[in-house]
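I am attaching a structure below and will ask some questions about it afterwards.
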Amino acid sequence: MRLLLINPNTTTSMTEKAAVAARAVAATGTEIIAATSRMGPPSIEGYYDGALAVPGLLSELKEQRASGYDAAIISCFDDTGLEAARAFSDVPVLGLCESAVVTAGFLAQRFTIVTTLERSRVLIDNLVRHYGMGGRAKVRASDIAVLELEDGAPEAIGKLRAEIERALDEDGAEAIVLGCAGMADLTRELQEIYGVPVIDGVAAAVKQAEALVSLGLTTSKRSSYAAPLPKSFTGTMSDFSPV
Amino acid sequence: MRLLLINPNTTTSMTEKAAVAARAVAATGTEIIAATSRMGPPSIEGYYDGALAVPGLLSELKEQRASGYDAAIISCFDDTGLEAARAFSDVPVLGLCESAVVTAGFLAQRFTIVTTLERSRVLIDNLVRHYGMGGRAKVRASDIAVLELEDGAPEAIGKLRAEIERALDEDGAEAIVLGCAGMADLTRELQEIYGVPVIDGVAAAVKQAEALVSLGLTTSKRSSYAAPLPKSFTGTMSDFSPV
Amino acid sequence: MRLLLINPNTTTSMTEKAAVAARAVAATGTEIIAATSRMGPPSIEGYYDGALAVPGLLSELKEQRASGYDAAIISCFDDTGLEAARAFSDVPVLGLCESAVVTAGFLAQRFTIVTTLERSRVLIDNLVRHYGMGGRAKVRASDIAVLELEDGAPEAIGKLRAEIERALDEDGAEAIVLGCAGMADLTRELQEIYGVPVIDGVAAAVKQAEALVSLGLTTSKRSSYAAPLPKSFTGTMSDFSPV
Amino acid sequence: MRLLLINPNTTTSMTEKAAVAARAVAATGTEIIAATSRMGPPSIEGYYDGALAVPGLLSELKEQRASGYDAAIISCFDDTGLEAARAFSDVPVLGLCESAVVTAGFLAQRFTIVTTLERSRVLIDNLVRHYGMGGRAKVRASDIAVLELEDGAPEAIGKLRAEIERALDEDGAEAIVLGCAGMADLTRELQEIYGVPVIDGVAAAVKQAEALVSLGLTTSKRSSYAAPLPKSFTGTMSDFSPV
Amino acid sequence: MRLLLINPNTTTSMTEKAAVAARAVAATGTEIIAATSRMGPPSIEGYYDGALAVPGLLSELKEQRASGYDAAIISCFDDTGLEAARAFSDVPVLGLCESAVVTAGFLAQRFTIVTTLERSRVLIDNLVRHYGMGGRAKVRASDIAVLELEDGAPEAIGKLRAEIERALDEDGAEAIVLGCAGMADLTRELQEIYGVPVIDGVAAAVKQAEALVSLGLTTSKRSSYAAPLPKSFTGTMSDFSPV
Amino acid sequence: MRLLLINPNTTTSMTEKAAVAARAVAATGTEIIAATSRMGPPSIEGYYDGALAVPGLLSELKEQRASGYDAAIISCFDDTGLEAARAFSDVPVLGLCESAVVTAGFLAQRFTIVTTLERSRVLIDNLVRHYGMGGRAKVRASDIAVLELEDGAPEAIGKLRAEIERALDEDGAEAIVLGCAGMADLTRELQEIYGVPVIDGVAAAVKQAEALVSLGLTTSKRSSYAAPLPKSFTGTMSDFSPV
């Protein structure tokens, strides 16, 4: 089985970190093909970055078809472009947020997602409500920029831990979901420290992808995710750097 | 006051039709600047088209800055790119669906939205739920392709009317919302025939834009819609025609 | 265009303050006709006051018909008698709460309403839920009596500001809605201080009324807001027979 | 124990019918004091009638204090003025809709309320949602005017039965709630015919009133239902000053 | 009228305390038959205990049939086995949580339930949501083991009072529900101290049972609570003590 | 990896059918240990059967510990005893309904569950709402008794197919979930006939169990699913055959 892990931002070091997390949990016989978007922002922080990451994501989904992947994982906790990718693709497509909250739902009645910047907090809260988990999950921001996590900086980890501790104390959280692909390498350590399940979206999505492929299931093509109608698109994308 | 009406698809005849609807309701002193996206699909039908229309939309929002617009309206009932545009822009940004359902909510306790293809029905239903109107509004598809509406074809109008009649009979609809920018020219006639309020999103959005501008209000830049962080984007957009 | 601004309490100084706020935002060509209820309580604080303000409100709506108003605004944040007025009237009727939360919804994902007394807090929270904004808006009371606001007393403003600061800190509010018609004159100042959108219901309702009138839309008379059936009312309260 | 049964419309024959239903289920030792509003509409059909029935209702609640009632029941399925009455009164106040849906909730997972005119259907549906039963109860209108029920007309009963049959067939209703005080006399017969619980609001409210009184419980005076603040009411409507 | 009060745990002192509370509020002519489960855990704290208390409960419901009870009350705030008992029984069956929250709903817009251990908090919160009161009621745990309450220990009462005070201060609670059958004897005292309605589930359930019986209503046997189909059960229950 | 598949009813032929379905999808290296409850009803149809199946289920979970299973699957679509089992067990426990609706949620925006008897329809609908999928999934009963499915009877399959066709036509279902463990063998055939994803709970649960085990995750022992407190249980279970 081949799973395409696409990082929808253009930072290859994040792709590599996610690929390590994916390969660490992949079943024997599952190959992880890691790909990085070649168009768009170097990190996804908020709605603007997210929207402009989608063409690069879809382009990569198309490019990588030659590799014969059996399912695709969008390696960003905002589930960037997930619905468009499902409409586009013939194989199952998974997002980190949806995979992680579903996984947490099997383990805990109430849980908290700790994400990076405040600008992503409500965005993720809206996703979680859309997935039907709004009454069970709380979202917290830890005031860490996505790329800070690349450095393994102790300050970033300190902020993350402080927010997890607030989740346990104030929210009555029974499990913790790490709300950024860049936190994947901290999962095991945090689970040991806090003694509750700590769920990483990359790992969760790999297992959901394996599940769907091995069940012979793929996205319904009836109605919502019907294949795009044939039409001629116009133009080439210009530079969207906000500055 | 200058309102930018951006059609996020690339079909200029749709832009023109929407501009006519916008100008018909604009207040004295409101100038409608009509713009058409120069990148992306010729019509937006479903998640794939919608996602790929966003870069062209944002690009046009940026390009048209020189025109000094005071607010922008995204002329598509799917509210394509609305949240990204709000994060990007310093002025208010309105979508047709949100504007129309809010307007209907002042006039009726229960109403029905009639859209085009089945593939857009659940997408719009999800939007409506997100806007808090899920308990009051039902969404129906009338099996008309967006561009069919361009022709003023009697067959398309017949399908639309049949679905409105079902909404009145079966849903107990007290008002009707037209769920596609391409239906704007039919509003008055349908309202006369059926004797209930018929709301067109283009007209509704023009009035909401005028309202916000004249109140001196603009999108909050605290948290969710904070301005995009400065970062370097990569790449140029390739061709996304699905075939 | 003539908009009837009815204060459903009997305090004319509050009417005047609201009229100033209304005229400050009214479009050129919009005339604000300010009217004060001649029956009922001098301020509306809780369910009892609210219910007993309705006959005076409906009576005034009827009396003022001679003025030829095109839409009516009920100048109280509790949306007192809104549904009865919509059933009674042939023209659009707007409430402050509904207008304000809808306006806030275009500008912010999450916002907080700051009202006067604790006894109005849950009442407004129930309204907000009914309008579909329960998941996005929080309501706070600032422990100010409605008529205290008439005096421009610094103590009242201090309490209001303290509560706004709590909303920003604790609720993650991206915008603030002022939950009492008597706060209208503070809008601009508070917006400057806090740097987030501050929405006043009087101003918001004026723009919604202008929008509906200029769109040629009025309340649906199908089902919920059907005109009252002709029947003889009894009692000394003055005649409320709808015909 | 004395229970005040107030009919908020001015039709004494409806009061009498409801009093018969109330006395039929009252416990030994419970006295039913039946009172009819002396101000307002002869029947309550929709929001306008309902709002204008409230002053007469509150006036009667005050007048009857001399009778020493221990709880009050508002004998209308729209729960007209319920919240204002709770704020006004020192004793428990019950409405028919809230009492009936609560009772049905102990007996069935899903049930249907059959009311009179279409104009009351959404009004009651909104009440039911407010009481938290929106996911369990459906509301249907049977196209009967309230006063038609006074005549025991077979045509009205035929329409009611037809709608109950649709509820059983199409809604999977496990119980039926009669959505008008004027249907109280049909309860037993309909229950026998259809073999499912049939709940009348008058009877349900009598038992809830007895329950609260015998438990020594009354409406909380903290926050929402705090006693009206002392203030001078204005106008010819009669004096509603709460003190 | 005979009401069967079944304690689904095996601790007879708890049965006796609940029976005292039940008899204190029972109407003249209502006989309380107190029964204690003869199988299962000595107290119900969490899902495991609850599930294993059900056979003993159903067995006792069956055994006590000879006593000719007219309704049954399951004397545990977790509403243990309530739905199974309703399917099994021909007479109405009441639970403490459902009865108490419904009663609170007649008295207050917002209220707080104070239960025993943290492990029961979310369990009760889920019940409350299922009963439609999730938006109105908050659940708090006071960190008291069920059997601690048996001793009338001042420490347990101190913890309970501290949590009630937090509910009043932080939740804006307008009423308090005691979330354990073992707290029934504290109701009156707490109500006097705090001046808000304090609702005990045992008392509330007695009145709901009396109400249903005197109205001649019983559980619908259509669909959800249809009588169990005749089938042969296998086996005898082993020891489930978790250690 | 060893997965315990426990059939909570006592019919071994159903266990075998489910075991075949489980083994058909299990990963290489996953051993399915099939076990049948030795206490309780031969099929689970409604709340009564479900509640009385739990002790047998928990007993079997305990008995099979010696086998060293890594996760357990409760092989009944009602998710019988799921929460008690999670509290009891140290390893992950999966239910068919939760696993299946989560799986469907990755593939379709809207889907329909087709179950057996009407008495199970609302029970499953309540589960689905609890899992947050109430707005996306509809539940239909096909009027088939559970054990009818054992015979491979064409009549039962005809009823099931008729209901699936109604789901596609009337509900706009984009996928179908088979709402009974006894339907597992029909999955592939139905998917081929209808061209939409058809999801079987047994297969879905196997993959979720494999996912959790391979991720090193297990049920949170904080709060809701904390291990049962040590206490002495009383009694032996008698015969609960309802006749």
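We call the chains A, B, C, D, E and F, going by the order they appear; numbering starts again at 1 in every chain.
We adopt the following convention: contacts are C-beta pairs under 8 Å (C-beta built on N, C-alpha and C of every residue); 3 or more make two chains touch, one makes a residue touch a chain.
The model shown is predicted, which means the values in this text are computed figures rather than measured ones.
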Other chains in touch with both chain A and chain B: C, F
Chain labels contacting chain A and also chain E: C, F
Equivalent interface positions on chain A and chain F, same or different at half: same
Turn needed to bring chain B onto chain F - CA fit, degrees, nearest 5: 120
Rounded Å distance between chain D and chain E, as computed from the means of their C-alpha atoms: 28
Approximate Å spacing (C-alpha centroids) for the pair chain A, chain D: 52
Averaged-CA centre spacing for the pair chain E and chain C, given as whole angstrom: 43
Where chain B touches two or more other chains at once, by residue number: 109-110, 118, 121-122, 126, 134-135, 172, 174, 223-225
Overall pattern in which the protein chains touch one another (line/ring/star/complete/other): other
Pairs of chains found to touch, sorted by chain label: A-B, A-C, A-E, A-F, B-C, B-D, B-F, C-D, C-E, D-E, D-F, E-F
Chain D to chain E touching residues, read off their complex: 25, 27-29, 92, 94, 98, 102-103, 105-111, 131-136, 168, 172-175, 188, 195-197, 199, 203-204, 207-208, 210-212, 214-225
Complex contact set, residues of chain D against chain C: 10, 38-43, 45-52, 54-56, 58, 81, 83-84, 86-88, 118-119, 121-123, 126, 130, 145, 223-226, 228-229, 231-238, 240, 242
Complex contacts: residues of chain B adjacent to chain D: 109-110, 135, 172, 174
Touching residues on chain D, where the partner in the complex is chain B: 118, 121-122, 126, 129, 134
